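Let me begin by presenting the structure, written as structure tokens, before commenting on it.
Residue numbering begins at 1 within each chain, and the chains themselves are lettered A, B and C in the order written.
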Amino acid sequence: MPRYTLHEIARHINGVIEGDGDLEIHGPAEIASAGRGQITFLANPRYQHYLETTQASAIIVDRTTPVPEHLAAVRVEDPYVAFLQVVRLFFPPREFLEPGVHPTAVVDTSARLGDDVRIGANAVIGKGVSIGDGSRIFPGVVIMENVKIGKNCVLYPGVVIREDCEIGDHVILHSGVVIGSDGFGFAFQQGKYEKIPQVGRVVIESNVEIGANTAIDRATLGETRIGEGTKIDNLVQIGHNVWIGKHCVMSGQVGIAGSTHIGDYCVFGGQVGVNGHIRIGNKVTVAAKAGVTKDIEDGQTVFGFPARPIQKMRRIEATISQLPELVKRIRQLEAQVATLLEKEGGLNQTNGEKHG
Amino acid sequence: MPRYTLHEIARHINGVIEGDGDLEIHGPAEIASAGRGQITFLANPRYQHYLETTQASAIIVDRTTPVPEHLAAVRVEDPYVAFLQVVRLFFPPREFLEPGVHPTAVVDTSARLGDDVRIGANAVIGKGVSIGDGSRIFPGVVIMENVKIGKNCVLYPGVVIREDCEIGDHVILHSGVVIGSDGFGFAFQQGKYEKIPQVGRVVIESNVEIGANTAIDRATLGETRIGEGTKIDNLVQIGHNVWIGKHCVMSGQVGIAGSTHIGDYCVFGGQVGVNGHIRIGNKVTVAAKAGVTKDIEDGQTVFGFPARPIQKMRRIEATISQLPELVKRIRQLEAQVATLLEKEGGLNQTNGEKHG
Amino acid sequence: MPRYTLHEIARHINGVIEGDGDLEIHGPAEIASAGRGQITFLANPRYQHYLETTQASAIIVDRTTPVPEHLAAVRVEDPYVAFLQVVRLFFPPREFLEPGVHPTAVVDTSARLGDDVRIGANAVIGKGVSIGDGSRIFPGVVIMENVKIGKNCVLYPGVVIREDCEIGDHVILHSGVVIGSDGFGFAFQQGKYEKIPQVGRVVIESNVEIGANTAIDRATLGETRIGEGTKIDNLVQIGHNVWIGKHCVMSGQVGIAGSTHIGDYCVFGGQVGVNGHIRIGNKVTVAAKAGVTKDIEDGQTVFGFPARPIQKMRRIEATISQLPELVKRIRQLEAQVATLLEKEGGLNQTNGEKHG
């Protein structure tokens, strides 16, 4: 890793130094794990207590937060964004593939490759495939017939894209991603499941990133579609004919059943499951592990299984944790009522005697 | 895509035309998304309202449902089956691999390949493997020693089959499927986990289809077995020594722990989890996200975690949603009893005074 | 498979024969499924009833358990360990790869391979990779730049290891494992998610085994780390900067979100989900399907979602199943109180009359 003085770093992020500008920094690190010679940052006040204990030599902070004397500071407007720039300074993007097509790659003669497309060892590119300028196809990737891939995409080792699918620009597909596997559709006839032809495709719009070993099924007819800028984590399952809108976030191991449509700017926690054939609006948040069974309107936050608006869920949860106390209260009532009934019996008798 | 007149289509599905038989159709589509020039179908009465709004030019319907004038109709006995035939008319099965073995594939000299077996680029076929007539092995597939594959199977790019496993006829394995990985078995001895040898195998019977990135572990001893005609979706985990019966459906992200046996004609929703070493009968339905912790008898439908028969689960769910109202009723009882107790005290006192 | 007499087997496991030592055994099997000519074992008293019904010809048992006459017995101190030795006798470890590097493998000239490293067909080994003595790299594995792999590792077909990651000795990675895919980190800026550079790495310590299609993301900065001897099942998702301690067991489809730290000797059931940025102590057990939302102290067993100590959870579950009965008790109280109130009204009236 290269080294930079605090002066060089401050110049890079347009910051103001408090402390020794000649300090030599050999890398960035998070505040809790930073060591001597490293630079860290403070953006979230929750981490402010680390200011006293961090082993970092320098810190990127905002204009006003006081910093202990043992730490050199670089003050900027937005410490987090500045820190990311420092990370990129120490870790500039790397090139892993040689220019052109590796001799062991198998590229059909009908495939069209843009400028500076690089294709790694043992990759297989089918008939009629087109790949846009600057894209990187790593070793062992298989791209089947008539797939169209945009510019500056990165397909890591082991990605598979089935026939006819379309990938936009600046798309990142991590290892083991499968795009365009058959939708899970069968017709039950005479005691067995007959395969329904899966002849649609998958369209991945630009600036999408998809995590390792995630599978996105092709449509039965028409399209499965992932909208512009959406980020999908590892081991996610997207069924046939699902539409996901723009700028959504799908955490690890989410599963979306077939034909469900999801709006823009939705955020799904890990291991969420969503029924097929439903509609989820824009800006919907689904808490981790929730199971969504029916349509959700714009802007809702849902939780649990079946998923309910978070306020309702919290009320139910609160009552459930009240349960043991409720049982006590009922027991007390029963005792009191028993006493009353006994006395009542007594009173009646007394009264009876009196009357008698 | 080819085009067909409505006459040609009607002849293909043995249907009766109402409307213009010379209408040129350029493809099939679902009723909600169909456009002009496309043909759709109506099988489920739930979708009947689309009859008024669909943009399709023609529709396949049953003998009796009235169809608006703007839609040409083709009347048949079973509209869904007929529609699938029309889909196959427009999208006939495609051949993606060249005849024979791709020059970059590595096929052991001891492997036996049936008639018209096609093997794609960079596939690797180990010692003693046999592959039945008409099977398709796509690029990048790895088949290890002594694997036996039946006739007319399709192994999509990136499938891995470990040693000694057996695959029936007409089996479809989607990309990233792993068959025969070691079972997850360890013996805890002196503070660490020692690997238990996993020397069994996996048997996949005929007409099974397995979704992308699903993993099926080999048996510790003996067999893990997937029965005839069973369909398994993406990202499913099947542990060692699991037996799944015939004609089951396992949806995405289901997990079955080791040594569990499942009967025939079972249907599991997405993200279901099943304990190890249990028995599940025939025709059992497990709702999505349920967690099955113990044996289930034939014909049951279970739901939730721990999974319970659906009626019981619904009763519990209903009571839980009653909880806030129960709390109110208890509060009211408490107030009433307090009043009674006070009066009772008063009465006693009054009585006391009287007696005094 | 080879055959051994009971004499040979008893000598191998240092056991004492009861019955015919010349009996020829053709393989080991579990007690429920063993057939004639096979040897089985009894270690768990739960399986004792199988002694009467097993079809095995011989059984490995402890020093004291009585065995029916039709079964030849081999008595040892620890029947389970002895049985595993017998399994290894019948199924000695196999060698699947030829010595050296397969001619179709692509190994960068800068890679350093130890003694007896074997590399299969179409594997791809990047710049600066080092692989320790005795390791096995199966067909189609891709190892990117600067990866360091220890001694006697096994990387099954289709494993991908991204740049800079480090793997200890005796590590087993099953097919489809992805090590070092980018962490899932984005900064939301001006209506879209900007990728945060993921420039850390993954360290897998020695004696770790990782199941098929599991994905372990590289750290944003620093390390994601899997501790010595930990065993991870299939389709598990480990987020960036997660630390898992030594000798843990993670069952299938577990998901651990980013930056969570887990201690030693933890056991997680299948489909467990764990929040990001939390701390889980040593010897923590998390029941299958639980969702862990906050820190857990050493030695706890947790259950459910949100995960709670098992006693508390059981109490809540018990109360929930009591609910229908609680409703009845409340109804009875209401009836009794109504009666009391009525009589009380009567009493008051009576008293009133008296006073009047």
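Heads up, the rule we're going with is that a residue touches a chain if its C-beta (ideal position, glycine included) is under 8 Å from a C-beta of that chain, and two chains touch if they have at least 3 such contacts.
The model shown is predicted, which means the values in this text are computed figures rather than measured ones.
Colleague: Subunit C and subunit B are one sequence twice: same or different residues at the contact, by the over-half rule?
Modeller: Different, since most residue numbers here occur in only one copy.
Colleague: Rounded to the nearest 5 degrees, how far is subunit A rotated relative to subunit B when their C-alpha atoms are superposed?
Modeller: 120
Colleague: I'd like to verify one number: the distance from the centre of subunit B to the centre of subunit C, where each centre is the average of its C-alpha atoms, in whole angstrom.
Modeller: 24
Colleague: Which residues does subunit B have that touch at least 2 chains other than itself?
Modeller: Each of 104, 122, 140, 158, 176, 213, 235, 253, 271, 320, 323, 326, 330, 333, 337, 340, 347 in subunit B touches at least two other chains.
Colleague: What does subunit A use to touch subunit C in their complex?
Modeller: 28-30, 33, 80-81, 84, 87-88, 90-91, 94, 96, 102, 104, 120-122, 138-140, 156-158, 172, 174-176, 207, 209, 211-213, 229, 231, 233-235, 247, 249, 251-253, 270-271, 288-289, 320-321, 323-324, 326-327, 330, 333-334, 337, 340-341, 344, 347-348, 351
Colleague: Applying the document's contact rule, which stretches of subunit A touch subunit B when the two form their complex?
Modeller: For subunit A paired with subunit B, touching residues are 104, 106, 122, 124, 126, 140, 142, 144-145, 158, 160, 162-163, 176, 178, 181-182, 184, 186-187, 189, 191-193, 195-197, 199, 213, 215, 217, 220-222, 235, 237, 239, 253, 255, 257, 271, 273, 275, 291, 305, 315-316, 319-320, 322-323, 326, 329-330, 333, 336-337, 340, 343, 347, 350.
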